[in-house]
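Look at the two complexes coming up: subunit A is in both, with subunit B in one and subunit C in the other.
This part shows the complex of A and B:
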């Protein structure tokens, strides 16, 4: 407790202008930055997966199952930083049991459960059902039993049954696309609906969140597809990477346009809050907004993608440019979340001063905990791809073996 | 015969009267002995009969900070200068119309002389507290309904129910809330609910030496607050946000946010 007070006293020295005395303590830390970042990756990965299923983009087929499992891994971790951040984590179930229907936050639990249970789990189950049945039949003992349980006892891999699986996956994806939009648009609404905060309060925030989610999701799948191919000793398929790069470029252009619109709109309307927000952008957010988010995270990868996609660079070089762009984009989108969540708390609601945030190393809300929450989805992903190998080529060989 | 009867009736009345006095004097203490408290007989507090608000007269506030101090004592608010249920701000507007605001330690120990003493166009103090909005954004966003509006118009936090998500702190436009460092729940001004429901005044109102704060019924006709609302021009903080505050200011400068 005393250490906490000492930290606050140190922060109080970094304040410029006037802030309300209760504002010295910044309420939403880096953990709340991670939450929209992870949720965005879920929505983005799912929307990419649905491109293949619903809009029949054949080139993306190698990424479909990767994207589903990736979305699942991130979705499992997404609520964890929220939970860790609560003053009373033991009471969190009350959000489900006695929710306040007017609260945007209370509804998150239901949107989350809907998405987890009815969209992702079902889609993954139907997509992997025939494989699980085969894996169960091909293995013995515990492993066979394990896949039998996962397949919920189903054994039918007749053509009609598999045709039904495909229909089900299609139907779920059709429901899933708006669900993914709702999931992340809704996270944007949590911030965008706070009228007390002029940095957040914007009708565009949910839409900007959504497009940045799509950008981050596609970039993440590109990275995962590239790395997983390398690890398995295979050449990533160039048409697939090219398609991913194209979609990434389109999404990035849309996202950047929307964010620019938001920025220009604020500047042009020049409301009461513009003075303090301008001060915020040129001082406390200069590095994370101007340099990292806009320059390194948006404009540079945008140019790199545009040039490499439509030029005749050798495939080897193209791949490297795509991967570097996707990495830059990840850093950029993380900064976007940072600038929204932390940036929105760095100025006083009196609009007369700037507050400060010091990221701790250790502790429940420190940097190390944050890194842990960012690594955890990848560990879960590794586990998931061991249980449900998503590789299409293996599937083909297995299918060939069965036919033989 | 008539006289006899009268005398008999008189004697009987004397005896009865004495007996009842004796009975009362014996039974009274006995009743308190068996635990029937006098409070049980007092009329229970009826929240539907009240609707509270507070008037703050800017021109009467001298910035002594006794209100903020009394509030911390009365409500066990942590003494550290990062947690306030009420505080006092000082506005100094110089001849260039530059606005300088400060609130050192919430104003509890008063204020140092202003930096620009010669250049002062106008200066005043603004006591701040939870506005107990009629349309409270904090209540709207609370995911579990731990923060709520009572029937008598006071916005309260249920400390046993709050999950500590701090969404309400983000939603409050006035900076009136903080996370209690020991309870890990949201905390704010209650209008001293434990006092006002017993007919007493909030601690800040009680100690104000200039009666800058006027507490009372917003709807009642013959209350001091009603008189203030009748006689003075009333302003509220950030009216454009449509929170409908029930802390009503008089002589509020347009620079105050």
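This part shows the complex of A and C:
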């Protein structure tokens, strides 16, 4: 307790203006920043995957399976920071056992389960089923049994069966697009519906969240596709990268327009909170909002993508520009989440003062735990691509082997 | 491992024919129902089993009386009602300590329950009054009273607050104040007892030598019932003009202030500041005029 008071006393020096005593310490830490960041990547990656399946964008074929597995890895980790943030994580199961329809947070559990079980898991299963059957047939012993269990014992790889799989994948993707919108829109809704907080309370928040999710998802898949190609010693396909960059640019323009609209709307409305929010932007959030989110994370990659996409740069240079833009966008979107979650707690409900957030190094909600939750999806992704290799060329090799 | 037999090295079409149970000697289990193919039946079965398991688990884990009275376990009520009691309530204290209770009910502490200061007294008041271990404590240290009465700007104006280091340092509060009736003392405390912030502002201002009563005629009842007996405030320019109008004395004593110690700013009341009242421009507790 004494240590806690000492921490509060240290924070007290950074308080400006008047705040209520229970506002010194932030209740939602960096872990709650990671949660919308990861969920956004899931929704974005899935929407990108749907472009290939439903909207028939052939250039994106090499990224389709990568996007699905990537979405899966991030979705598995997405609720973990929330669990770590809870004092009694085991009680979170109660919301499935005794659902409370009046709680937006409790209902998210069902949105999450719907997306995990009925969209992502099912789509991956149908898409990989024929391959799992083949892998089971090609291997021996435990490995064969493992793939047989994964394929749920099905062995039918006739043309009709595969045609059914394709139809199923198409149908699931069609259902999956609105589901992905709901998944991340819902995360935005959880913040946007908090009417007591003028930084969050806006009907535009779910939509802004959604478009930033699409931006972050496409950027992540671009990075993963590029890195995985390099690791496998292959040249990433330029038409695919170009298409990814185009979609990234369009999504980024939409996202930036919506955020600007939100900003202008607030500025013109000039509610009583505008003074403290202006102070927040120019003081505590200056670095993370103005510099990182807007300048480095949005305007710079937007210009870089626009110039490189529509100019005659050599392919090598284009690739580097795309990758740097995608990295900047990742940093930018992470700061977006930071600015929403942390920024919304930095000002007093009295609208007359600001507090500060002190990020701890260790501990359950510290920086190291946060880094762990950001690395974990990539480890899961590595495991998933070992179990379910998503590479198109390998698929062809396998098919050729079977043919032979 | 029968599913492996005859698989490798065959063409896709061959294997599929066997898989759907054609003329192959190796019979594969085909679970298709009507037009629903084998794999859909398999994954559907897994989902149905999973949903069934979830429903069964739910039945198992949800407590029997959940939802009967609301979104909680109705049986929790008797459990909570059966929990050990700690507080007896001030009515119970009054059964034996009538004098103290009556005294308290007539004083400023009337809204406080006995157990707020003396601690939980159920064991003493209800279980066994002779049990000396359960006898409630009497807080006599200064820190206890300061929980409510130390100076904090967020406390309401008029709430009795002290600065610990200035107000009779080290002395226990109970030496001068009776906690059961902390009424104003016979000897009136200074206005600063309640209006500390104003007193401290005035103390370092040009008006430091003026007594509060010079400007605020205060009925004695104000100390008993402050809000019902508010002090008076000056109502016109002439009041300030007693000292600040041109032609008023510059030597001797005025309103208890030795004028040789002060150079009082003088103005022409007829022309200075139009018809505004003095305190619309000057804050009387810290006037800035030189």
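The rule we apply is simple: the second predicted complex is superposed on the first by the 403 of 404 C-alpha atoms of A that agree within 3 Å, B and C clash if a C-alpha of one lies under 4 Å from a C-alpha of the other, contacts with A are read in each partner's own complex, and residues count from 1 in each chain.
To be clear about the criterion, contacts are C-beta pairs under 8 Å (C-beta built on N, C-alpha and C of every residue); 3 or more make two chains touch, one makes a residue touch a chain.
All figures in this text were calculated on a predicted structure; none of them were measured in a lab.
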Fit or clash - subunit C, subunit B, common subunit A: clash
Touched partner set for A:195, first subunit B, second subunit C, both or neither: first
Which of subunit B and subunit C A:157 touches, first, second, both or neither: second
Subunit B versus subunit C as contact partner of A:129, first or second or both or neither: second
Touched partner set for A:314, first subunit B, second subunit C, both or neither: neither
Superposed model, subunit A: greater residue contact from subunit B or subunit C: B
Touching partner for A:8 - first (subunit B), second (subunit C), both, neither: first
Touching partner for A:362 - first (subunit B), second (subunit C), both, neither: neither
First, second, both or neither for A:233, with subunit B first and subunit C second: neither
First, second, both or neither for A:144, with subunit B first and subunit C second: second
Partner chain(s) touched by A:348 [first = subunit B, second = subunit C, both, neither]: first
Location of subunit B clashes with subunit C - one stretch out of 21-29, 57-65 or 183-191: 57-65
Subunit A positions touched by subunit B in one structure and by subunit C in the second: 21, 98, 100
Residues on subunit A engaged by subunit C in the complex (per definition of touch): 21, 96-98, 100, 117, 122, 125-126, 129, 136-138, 140, 144, 148, 151-161, 164-165, 168, 399, 402-404
Subunit A-touching residues of subunit B, taken from the complex the two chains share: 80-84, 87, 89, 99-103, 105-106, 128, 137, 140-145, 161-167, 169-179, 181-185, 241, 257
Sites on subunit C touched by subunit A in the complex: 1, 3-4, 7-13, 15-17, 19-20, 28-30, 37-40, 42-43, 46-47, 50, 54, 57-58, 61-62, 66-67, 71, 154
Touch list for subunit A against partner subunit B, complex: 1, 4-5, 8, 12, 18-25, 27-28, 82, 85-89, 91-92, 94-95, 98-100, 102-106, 108, 190, 194-197, 345, 348-352
